[in-house]
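Several structures are given next for inspection.
You will see chain A twice below: alongside chain B first, and alongside chain C after that.
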Partner chain A sequence: MTWAPVARRAGSPREKLRGALLVLPAAVLSLVVLGGGIGATALQAFGLLPVVGRPTPGVEAFTARPGELFAAVGVSLSVAAVSTVLAVVIGTLAAIVIVSRTRSSRAVAALGTLTVTIPHLIAAATVGLLLSDAGVLPRLLGIPPEAWAPWVGGPLWGAAIVELAWKESAFIALIVTGTLATRIQTYDETAALLGAGRAQRFRHVLLPLTAPTILIGAAISFVYALGSYEVLWLLGRTSPEPLPVLAVRLFQGVSLDSRPEAAAVALVTSVLALAAVALTFAALRRTAAWR
Partner chain B sequence: MTPLRHRRRLAAITVAAASALFALAGCAAPAAPDTAEFADWDAVLSAAKGQTVQLWMYGGDDQGNAYIDDVLAPAVAEYGVTLERVPVTDTRDALNRVFTELQAGREDGSVDLVWVNGDNFRTGKEAGAWRCGWTGMLPSMANTSADDPLLQSDFGTPVDGCEAPWHKAQFTLAYNAEAIPDPPTTLAGVLDWADAHPGRFTYPAPPDFTGSVFVREALASVSGGADEVPTAFSQDAFDELTPALWSRLDTLAPNLWRGGDTYPANETELGQLFADRQVDMTMTYGPATLTGLVADGTYPAQTKVLTLEDGTVGNASFLGLPVNSDAAAGAMVVANVALSAEQQAKKAEPDVWGQFPVLDLNALSAEDRALFDALPVSPVVPPYDELSRNAHGELAAEWVPALDDGWRQNVLSR
Partner chain C sequence: MTAVDSPLTRSRGAGKALRRLLAVALAVWFALPLLPLVLWSFADRWSFPSVLPTALGIRSIDQAIAFGVVPALGRSLVLGVVVAIAATLLGALAARALTFGAVPGARFVSVLLLAPIALPPFAAVLGVNVVLLRAHVPSLVGVAMVLTVMALPYTAFVMRTAYGAYDRSYEEEARLLGAGRLQVLRRVQLPLIAPALARAAFLAFLVAWSDYIVTLIVGGGEVVTLPLVVASAAAGLGNDAAVALMSLSAVAPPVLLLVGVLAFGRRRTRSSKEVSA
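Take a look at the complex of A and B:
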């Protein structure tokens, strides 16, 4: 594996023991939290941990609502994909502006830093107030509620995508700036001295060197959007529901069977998120900078 | 790393994860309630001293929150009980907490009282999550009528002393008289009015409880009256009555706000649309809030309560005591104080909370009765007897999830 170890020689038994002991607290914590959380969810989803009665193993919880589950997977993946693409494009462009040391770079950097600190719930409420039918923006523009496009609760999930893209683009801008601010800049200057134009430098120098950072940022942002409840609940619509909203509704359902169904939806969400991370690492190994 | 060592590490991780799971899952048996824990009310009073009671209740009603913090909590403090309010967005959250604690085998549960009724009460009773047979000990129960049907059965589920009565509620529609000078007088009329005025009406999406009760009212209306819908749930009655309901709501949908493409998620969002003049009607189980919302200018000044000839559904809500509460005696004291004539009268004041009392007013002593006669009149909300004229009872709790699910399948995803 190419996890870029600090020392390429094998450590002495003592060093290994010390290493293992240092990692132990973190490993135990993640094992209890992840193993306990996902494990309890899996037990419930497969009918092994009922609220009342005997455990009845089976996959009924997964097959109980095929239509709703497929629709939820579709909505969640689409919203997460669109908002991630927007966030990557806007975030990368913002990062290039930030390191360009022009007059606007400070303003963009300040905006990005400020955006990262705003909690998603507040950001979602803000976007809702701004874009809803009788919101601040249509009022400022003098557009009556009937004529305003249905951003909040509309069929295209406009307001939810705007919120996720806005918040995540700031995150991506900051981590890409971090990469760009390293030695990459000297490569960029060298290419410029050799006569490469702006577009060429972006295409052949900046993009390949920042690709791993962008990929990782995109994966984090995608997985976040996939699991986000409050943004999609506040700004989304009644049907179809995204995975986390469906899971919470089922979890809160009064019928005792709906808890395993909620756990099944949560498990599907986790599997999708893990798959996205796995694909990212597969893609990461292929990037030039990683090799 | 050699394959063998890799495998050994994997085995170690599996064992560790599995033992963590067994630790979580191993103790999932609910504790049995100790019914004969207190000999008499004095024993409860002395056990309650120094206890802290956590009351879990819907936290979206500022007046309700203020009543608990400023009126009820000081009153129970005289008995040495500390009352803490835990706000939840939905009563199901409180019930889920109880279930989760029972699943984990906790006997010192953090939920001591829940403001509950209907399907949540039934689900909790099915799961054995409530302490039962304790309300008979409360001295204040003497002020209620023993044969009040709303207090005997909670959405068709026998109460059996598993919860202490707290308020009565009446489902109420309100309209903006400025926009609707000639309001409909029946629920069928409301639906026809909505058809005739596209985009000016909507209702919250079930399983939100306000949207859910609206669907039940529509069921009574299309079935030819509340008496035509049997209170007890049966699949036959459901199959016979609901096609007409789904077809009516389906025809209505294109004429709703946003063409029925999406619905407000709850009463608050519907209220927001009403406040923004995007719709001309709103609905609530707690008409008491209307007075304040009109007075502070949130709702149109011309907001009026729509009294329907066919009546609306009325119910009572209760305080439930989970079996695993670690402050059961304190919780009983709180339930008893909350049911006293002074607290019920104070709570009924529109400026305080405006909740309708559960007491039998005719049976009260002259002194207690005077407290209720002195209540001020709201300019927006008519008194309870007028509001509850022709009122009908709630359907059995089994109807609620069946109708909520049916609505999602037949009306929402058409």
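Take a look at the complex of A and C:
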């Protein structure tokens, strides 16, 4: 999952012009959407881009609802962390089963790939149908609604975590399978020939070599879970609100005053996401297999 | 994928049983959440304690139509195709330049194209909404623009991997034999990168097809796609059958596309092997 090294040729002015023209459409569009988007969000958060009236620079938007903001950070970070850990463990196990290429592993591969293609909102809807107190699972298990744990909208965010772990474990299984199917196979065989047992091969061969892929997958799913609106909105509870739900509610509120507060929540989420990415790159540099 | 089942690493005895048990558990993990879609879609009545639907029927179809599933499906398809074309084209152009060319600020451009993965979409969307409104961009165009940027990491990545394995000497040879630039593009480059283009377009389609929050906020209620309809039905009570059926209709198109893309890739590799043999 690494980028091919960037071509670092000086190039003639003509070549440079050609290169610039080819990347221009993608770069300009990305700059407008990301630069403009994050830029306008930041300006709004610091009171520099009011919907009406004069700009009033300041950090009031960040301090207006300290309780709600802290609670949102706590909920979002915990839900993202728990679902990412589950997704990494299940996804890595699934990848190991998939590369064993037995009949049952092909079924796991097909179901995993199917899961990756399902939109998160649809996945959230079907997890809701499965786990709500009159859902399909309590029906199948014969458990009455009052005895069924509050998965949907419960205090532990069970259904939301299950949805995120389900979808992201399929994604991690897919990318780890891709890594396992390369040269790692021969190392695994060599270790087996030298007498390494299954657990030893997992610990000393498979894990170190797939660590970069697992880390990247974990970072992508963590950032996704942190910024996912629809899953937590549909399957979560209304208080405390996670960051995306809080931001969108403030943004859509009747009062235009809450717009800067929505932007502040969005900015905090972006900083958390970028910090997670930075930590991942720091961790990647320490793994042996990262080139 | 290479064959991985080798006698050296194959499980035996208790390990084999454990591995099989694990495979079954994983299959259940991936399949179980899909069960409600199958069971509820054609359940006219499913009173509580019973394990299976009490009355089968197609009343869910009428309910789904009442929710506006048909026009929503059409809008989702159009949005998916537009974003797939735009993001694949832009991603392929940028990837080619970044792989072979001399791009000023290449590292910055690479990071910029990957950045949407590292940012929560709603954060950029709240701001971009202001920019697009002030620039008077129509909401549908705005949604397509933002989703194209969100799909660029995937298309640029797939196309860079493809161009990394691409031998430009075929192009030079064709030029030497008198082919024009357009002929080289049509007869040499496109056939060689076609499977990667198909994969990139599939991923970009999936980004647009799956999106909820961008369409909700940038679309401002004017672009009602399938996920928006399912969301409003799922947020209400007693719509279980309609939600299940609409969800099925949202799951099927990407799966069909994926099967097509995989078959296309396989045919390509086979025919290229036949040519080289």
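One rule holds in what follows: the second predicted complex is superposed on the first by the 264 of 291 C-alpha atoms of A that agree within 3 Å, B and C clash if a C-alpha of one lies under 4 Å from a C-alpha of the other, contacts with A are read in each partner's own complex, and residues count from 1 in each chain.
The rule we apply is simple: contacts are C-beta pairs under 8 Å (C-beta built on N, C-alpha and C of every residue); 3 or more make two chains touch, one makes a residue touch a chain.
Because the structure is a prediction, the values reported are computed rather than measured.
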Would you check which partner chain A:195 touches, where first means chain B only, second means chain C only, and both and neither mean what they say? neither
Check whether A:67 is in contact with chain B, with chain C, with both or with neither, and answer first, second, both or neither. first
Please indicate which partner A:49 is in contact with in the superposed arrangement: first for chain B, second for chain C, both, or neither. both
Looking at the overlay, what does A:155 touch: chain B (first), chain C (second), both, or neither? first
Between chain B and chain C, whom does A:57 touch in the aligned arrangement: first, second, both, or neither? neither
Looking at A:239 after the superposition, I want to know if it touches chain B, chain C, both of them or none. Which is it: first, second, both, neither? first
With the two complexes superposed on chain A, say which partner A:32 touches: chain B (first), chain C (second), both, or neither. both
Between chain B and chain C, point out the one touching more chain A residues. C
Once the shared chain is lined up, is A:262 touching chain B (first), chain C (second), both, or neither of them? second
Touching A:253 in the superposition: chain B (first), chain C (second), both, neither? first
Chain A positions touched by chain B in one structure and by chain C in the second: 31-32, 36, 39-40, 43, 49, 134, 145, 251
Give the list of chain C residues in touch with chain A in this complex. 1-6, 8-11, 15, 19-20, 22-24, 26-27, 29-37, 39-40, 46, 48-51, 90-91, 93-94, 96-104, 106-107, 109-110, 112-128, 130-131, 145-146, 148-149, 152, 156-157, 160-161, 163-164, 206, 209-213, 217, 227, 230-231, 234-235, 240, 243-244, 247, 250-251, 254-255, 258
Within their complex, chain B touches chain A through residues 13, 16-17, 20-21, 24-25, 28, 30, 90, 92-93, 96, 99, 102-103, 119-120, 122-123, 126-128, 199, 205, 207, 258, 261-263, 265, 276-278, 397, 400-401, 408, 412-413
Which residues of chain A touch chain B in the complex? 31-32, 35-36, 39-40, 43, 48-49, 51-52, 67, 133-134, 145-146, 150, 153-155, 233, 237-240, 249, 251-256, 259
Going by the contact rule set out above, which residues of chain A touch chain C in the complex? 3-4, 6-12, 15-16, 18-20, 22-23, 25-27, 29-34, 36-44, 49, 90, 93-94, 97, 99-102, 104-105, 107-108, 111-115, 117-130, 134-137, 139-140, 142, 144-145, 162-163, 166, 169-170, 177, 180-182, 185, 188-189, 192-193, 198, 201, 220, 223, 226-227, 229-230, 234, 243-244, 247-248, 251, 262-263, 266-267, 269-270, 273-274, 277
